[in-house]
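Next up: some structures, all given as structure tokens.
Next come two complexes, and both contain chain A; in the first it sits with chain B, in the second with chain C.
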Partner chain A sequence: MASWGEASESRLIGKRIPRLSGKDKVTGKAKYTFDINRPGMLYGRILRSEVARANVVGLDLNDAEAMPGVRAVLPLIEVGRQIRYQGQEIAAVAAETDDIAKDAIRRIRVDLEELPHVVTEEDAMRENAPQIRDDWAGNQSEPNVREEGDINAGFEQAAVEVEATYHTPVQTHVCLETHGHVAEWENDENLIVWASTQGVFGVRNDLAGRFNLPANQVRVITEHMGGGFGSKFGPGVEGRTAVELARLTGRPVKLMLTRKAEHLVAGNRPSMTQHVRAAATSDGRIIAYDMKGYGTGGISSGAGFQAPYVYHVPNRRAERRNVAVNVGNQRAMRAPGHPQGAFAMDSLMDELAEKLGMNPLEFRRINDPSEIRQAQYTLGAQEIGWHRRNSVPGSGTGVKKRGMGVGSGQWGGGGGGGTQARVTINSDGTVEAVTGTQDIGTGIRTAIAIIVAEELGLNPTDIMVKVGDSGPGLPSGGSGGSQTTASVAPVIKTAAAAAKQKLFQRVAPQLQAPVEDLRVGNRTIYVVSDRTKTIKWELATGQLGMESISEGGEWDRELRQGGVAGTQFAEVEVDTETGAISVIKIVAVQDCGLAINRLTTESQINGGVIMGLGQALLEERFMDAVTGRMLNANLEDYKVPGTFEIPEIKSIVFDTHRKVTGVGEPPCIPTLGAIANAVYNAIGVRIRELPITPDKILTALAEKKA
Partner chain B sequence: MEKFSYVNATSLEQVTTLLDDSRWGEVMLIAGGTDLLGELKEYIETPKTLVNLKTLPGMDGIKVDDAAGLTIGALTTITDIAKHPAIRHHYAVLAEAAGSIATPQIRNVGTLGGNLCQRPRCWYYRDEATSCLKKGGDICFAVDGLSKYHAILGGDPVYIVHPSDLAPALIALGASVKIVGPEGEKTMSLEDFFTLPAANPFRENVLQPNEIVVEVQVPPAKPNTKSFYLKAREKGAPDFALASVAAVFEMNEKTCVSASIVLGGVAPAPWRSKEAEATLTGKMIDDTVSKQAGADAVKDAQPLNDNAYKVTLTQNLVSRAAMMATS
Partner chain C sequence: MLEGKTLPILDRPICQNLRTKAIYIPGGNLQNLVENNPGSHYWCNCTMQVVGPDDEFVSPDTCKQSRSCFNPIGGKPVV
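== the complex of A and B ==
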């Protein structure tokens, strides 16, 4: 049975190994899509609607076309169609310079007949609200109802009950590199596209389909990528537009989204509002849970969230609806539905515990079915110093009050089949590992090098890893669902093992030993039963001559596993006079099976915590009901964590089994509840709406006083 | 941005001649550009000519003189103000305010003159597609719209907040500003330089289209003076103030001989709180007095839908500043 072996046998796997591309990234040598410049390249820009809802009654491209330096103007909406959100594409331009392109889109004349819009959930659900979707009555989907057990019987056994409404607003992805592509045609037949994407093969297949090309005539390259978080799978309108503009002009075209467009149309995490009534027995078991909630994913659906979450609730009912608004669509965002659900559930847990007079951690121990998290609670509590926590919330003295809280999360991340890879040993001793996955900042490039180097007795820097290119025709799935490592690692491992096997077969006769007796380490192949019999790596590979060894691999299910658990503890300090919240420390205890690279795993956890912190304390999309426009489609008023907001983060990779599981998404989940509960513990007033900003703290403290 | 011609300034006369007869926004001045470039890129301003002030000789620099006090040229960078040893020592409120602005990159190029003359951050103002009262439209969208970052004092009919951090600090220090126009030079108190929307909803100060701010003067620091700049914001940096307080106290032990309290981030102009000053002056500052001063500072506040928290916040900042004077 295939295995990763014991920890004691691993030279590299599970150790802390610096990211291979780190130096290139900090020196600016690494080329992102934004950095790609091709000879003769044009610049693309898209004119977008500033109106949230309107009929297009006229479109005149003549003035833009007549501008010097403009090479193509492309309509993206037909007269007679309806604009359904701000930012929707109207037409695109390709021009000699970006400045000309910017000026040119302003010369496009579009006649709009404005229609009444709704851009907030509140407005959408109002009686007599304008109907913005023909298929949904009252701008709401049919409720999705899930029921288990008997909630009425549950509530009858209750000792305590809590009824509360929790809300999280829409959050946008804020990828530091905006969505975009550079498209270039060779003789109308071959298309090459540099894409800022999480899925090079997905983009390839989409574009091949749309432009009627055989898939092998489309090459998509993503060498380095500046963040996707779930929003960068297909080419999107902007990618297809770049390709079409390049086709029309016969020139390469670069088209990157503006920061504003990024907020408006490149996806978002749906909002959540849930009204929940829940009960627990006197011995601390949650016994009943009844939730009605909704969220908006823009004009589309997709606003689901987890409710209840993580903890065992025998009798439960959950009713969810989607609310449509005239705003750009949601896209998957790091652990879709989980952080919102976790914030509500972990807040509710603390509210129930308090009514029972129980320590919230003890209450979790009773209700959490995960054995892993039970152990994580112990570790995390020690690390944060849970005993220092206020036993009476808000009881700290002074203006600045400290508090602690805990939150939990879970995820899958077991990967899937379909990845093809090739590990090649060349006669000069160099080694290549090639596969069509992409490194979206997670460190898969380094993980691949580690796995191959471990198998071949080399160092990670000895391995030339080629990812992010569909050219070699070795497909791999999109990097989403925390699936990349668990999808790719087993294939790489088996490919490397097969290549090693081939090399062993080659040298076994010389070493006068059976292949099974051969091992490799320290750039030397040796016989395990007689260590005097050795051959240097370069001597062995030198015999390959023109025939290098090149082997594929298998997605061996035994090498990966799905399902992770995590918990986080937060300590915060709240200035009760200014409402300012500073997070002092986050302890993140996260299981992910076998961490191929402990260093980049810790980085993933750090990043997740920072993103969770942003959602807990800063991020919110503001929509203006009257104008129908987003008021903070920038990075001034859409606030993301900066260096001042980032606390001490103790990322603990919690070892469980030795199979590979993804960890990209889970660490952003428990942060929200941990921080919200810590704020409550500090000031004794609960904020049930994220983000927890100074205005909310001050208002809540004033209400408490009154 | 729209096309414009670009002129390197060589003398103040040349600048005022270029500005002469122009209407607002036709000929504009640029120094650090940290505010103006944003407006140009968002098409909020579309000038025909930009006059680069960085080429003007002798308009930057900090002079400290025991008798004359502090003189700061309009082209002095915010970094230079924040780091200047004498300012840090004698005019702490100004150094603190300067250090709190934006990011190091912005402080390195942003100038004193630009900081005083910067335009509102209001999210309706900064949206090209929204034509609000300040831009010649019919209504102030903040009144019925989203007003979390808007004014609680002096708003009517336009509820922007003045975004400058240097202005409250300088006003609290009793600064005056030197302005050059076609008729020559004039000096006025910085407090009077700023105006409220009731007087002129379109501009934030009395500067005419053909005038330029050239210098700020601050009287000599009095002995036994303590000064502070307290700035509340949602993010460490870069972020504008939700509310700020520039406070200058002349103390005799725990007794306040004189106080100067100027609020930022809560009104369309830096807001001098004569009420809080009166409460503190001549008093022994303790918890009760400082709380009273805070309450008096906001007693005329009229919050909009989303910004009532600013009343509490401002009140608390004023009380905190007063208590700091006693320690």
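== the complex of A and C ==
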């Protein structure tokens, strides 16, 4: 049976190894799609609606087409069709310079017949609200109801009850590299596209389908990618438009979204509002849970969230609805539905524990079925110093009060089949590993090098890793669902092992030993039963002459495992005069399986914590009900964590087994609940609506005082 | 969560332009385009938007043969 071997035998796997692309990234050598400039390239821009809802009654492109330097103007909506949200595409231009393109879209005349809009959930659900989707009565989808056990019987056994409403607002992805493409037709039949995407083969297949091309005549390249978080699957309108403009002009076209467009149309995490009634028995068991909730994913569906979450609730009912508003659509965002659900559930857990007079950690121990999290609770509590927590919330003295909280999460991340890869050993001793996955910043490029180097007795820097290109025809899935490493690593390992075996077969006669007795290490192949028999790596590969060894691999499911658990503890300090919240420390204990690269795994955890902190304390999309516009579609008013907000993060790689799994998403889940509970522990007032901002703190403290 | 790749058995034709994130990632399959998931986002590969060429919303529930833009995979029901 295939295995990754024992930790004691691993020279590289599980160690902390700097990412191979680090130097290129900090020196600017790494080329992102935004950096690609092709000879004769034009610049694309899209005119977007500033109106949330309207009928298009006229569209005049003539003035834009007549501008010097404009090479193509493309309508993106037909007269007679409806605009459904601010930012919706109206028309696009391709011009010799970006400035000309910007001027040209201002010359496009669009006549709109404005219609009543709704941009908040409350307005959309109001009686007599404008009906913005014909298929959703009252702008709400049919409820999705899930029920287990008998909630009435559960509530009858209750010793305590909590009834509360929890809310998280819409969060946008804030990819630092905006969505975009550079499209170039090599002739009428071959298309090459540089895409800022999480899936080169997905984009290839979608563009082939959209433009009626054979898939093997479309090549998509993503050498480096500046953040996607779930929002970069498929080419999107901007990708289709870049390709269309390139076809119309016969020249390469670069079309990257603006920061404003990124906020408006490139996806978001849906909002969540939960009205929960829950109960626990006197011995600390959650016994009943009844939730009605809703969220908005914009004009489309997809506003799901987890409820209840993680903890065992025998009698439960959960009813969720999507609410339609005239705002850009949601897209999958790092652990879709989990952070919102975790915030509500972990807040609820603390509220129930307090009513029972129990330590919230002990209450979790009683109700959490995960053995892994049970161990993580112990480890995390020690690391944060849980004993220092206020036994009475808000009992600290002074203006600045500290508190601690805990939150939990879970995820899958076990990968799947479908990846093809080749590991090639050349006669000069060089090694290449090629596959069609993409490095979206998470470090799969380095992980591949580590796996191959471990298998072949080389160093990671000896391995030339080629990813992010559909050209070689070695497909791999999109990087989403925390599936990449668990999907790619087994294939790479088996490919490297197969290539090594072939090399052993070539040198075994020279070493006068059976292939089974050969091993490799430190750039040397040796006979395990007689270590005087050795051959240097380059001498061994030199036997290949003009040939190379090139082997594929298989996705061996024994090398991976799905299902991870995580726990985080937060310590915060709240200034009770200003309402300012400082997160002092986060301890993130994250179940990881086998961490191929401990350094980038820690980096993943750090990134998840920072994103969770942003959702807990800073990020919120503000919509103006009157104009239907987003008020903070920039990075000045839409605040994400910076160096001043990021606390000490203790990332603990909780590797309990030697099988690969994914951790891209799970570390952003428990942070929200941990911080919210820490704030409550600090000031004794619960904030049930994220983000927890100074104004909410001061209002809550004033209400408590009153 | 999605586990290993399984071959779906589709009991009705699905439009080749219907998209959702789950079909792009390893372990995902076309079954995600058969059952409507209220937590998922759907779009059309023809328009790249949440409405199809006929300006109606797309989803496994709504992308059916009765729509003028319906374009089944392979031009016939997928079995």
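Everything that follows uses one rule, which is that the second predicted complex is superposed on the first by the 706 of 706 C-alpha atoms of A that agree within 3 Å, B and C clash if a C-alpha of one lies under 4 Å from a C-alpha of the other, contacts with A are read in each partner's own complex, and residues count from 1 in each chain.
One rule holds for everything that comes next: a contact is a pair of C-beta atoms (placed from the backbone, for glycine too) under 8 Å apart; a residue touches a chain by one contact, two chains touch by 3 or more.
Because the structure is predicted, anything quoted here is derived from the model rather than measured.
Aligning the shared chain A places chain B and chain C next to each other free of steric conflict. Taking the C-alpha centre of chain A as the apex, the lines running to the C-alpha centres of chain B and chain C meet at 120 degrees, rounded to a multiple of 10. Of the two partner chains placed by the overlay, only chain C lies in contact with A:Pro336; chain B stays clear of it.
Once chain A of one complex is fitted onto chain A of the other, the partner contacts of A:Gly415 are limited to chain C, with no touch recorded for chain B. When the shared chain is aligned, chain C comes close enough to touch A:Arg320, but chain B does not. Of the two partner chains, chain C is the only one that A:Asn144 touches; chain B does not reach it. In the superposition on chain A, A:Ser21 makes contact with neither chain B nor chain C. Touching more residues of chain A than its counterpart among chain B and chain C is C.
Look at A:Pro694: by the touch rule set out above, it reaches chain B but stays clear of chain C. After overlaying the two complexes on the shared chain, residue contacts for A:Lys639 are found with chain B alone; chain C is out of touch.
Chain B and chain C never share a C-alpha pair closer than 24 Å once the two structures are laid over each other. Only residues 50, 103, 577-580, 618, 622, 624-627, 629, 631-632, 636-637, 639, 641-645, 693-696, 698-699, 702 of chain A touch chain B when the two sit together in their complex.
Put simply, chain C touches chain A in their complex at residues 1-5, 16-17, 19, 21-22, 24-28, 37-43, 45-50, 55, 57, 59, 62. Here chain B touches chain A in the complex through residues 2, 121, 123-124, 127-130, 141, 144-146, 148-149, 232, 234-239, 242, 306-310, 312-313, 316-317, 319-320, going by the rule given at the top.
For chain A in complex with chain C, the touching residues are 81-82, 133, 135, 141, 144, 198-199, 202, 206, 209-210, 230, 233-237, 239-240, 297, 299-305, 320, 322, 329-332, 336-337, 411-419, 476-481, 483-484, 486-487, 557, 562-563.
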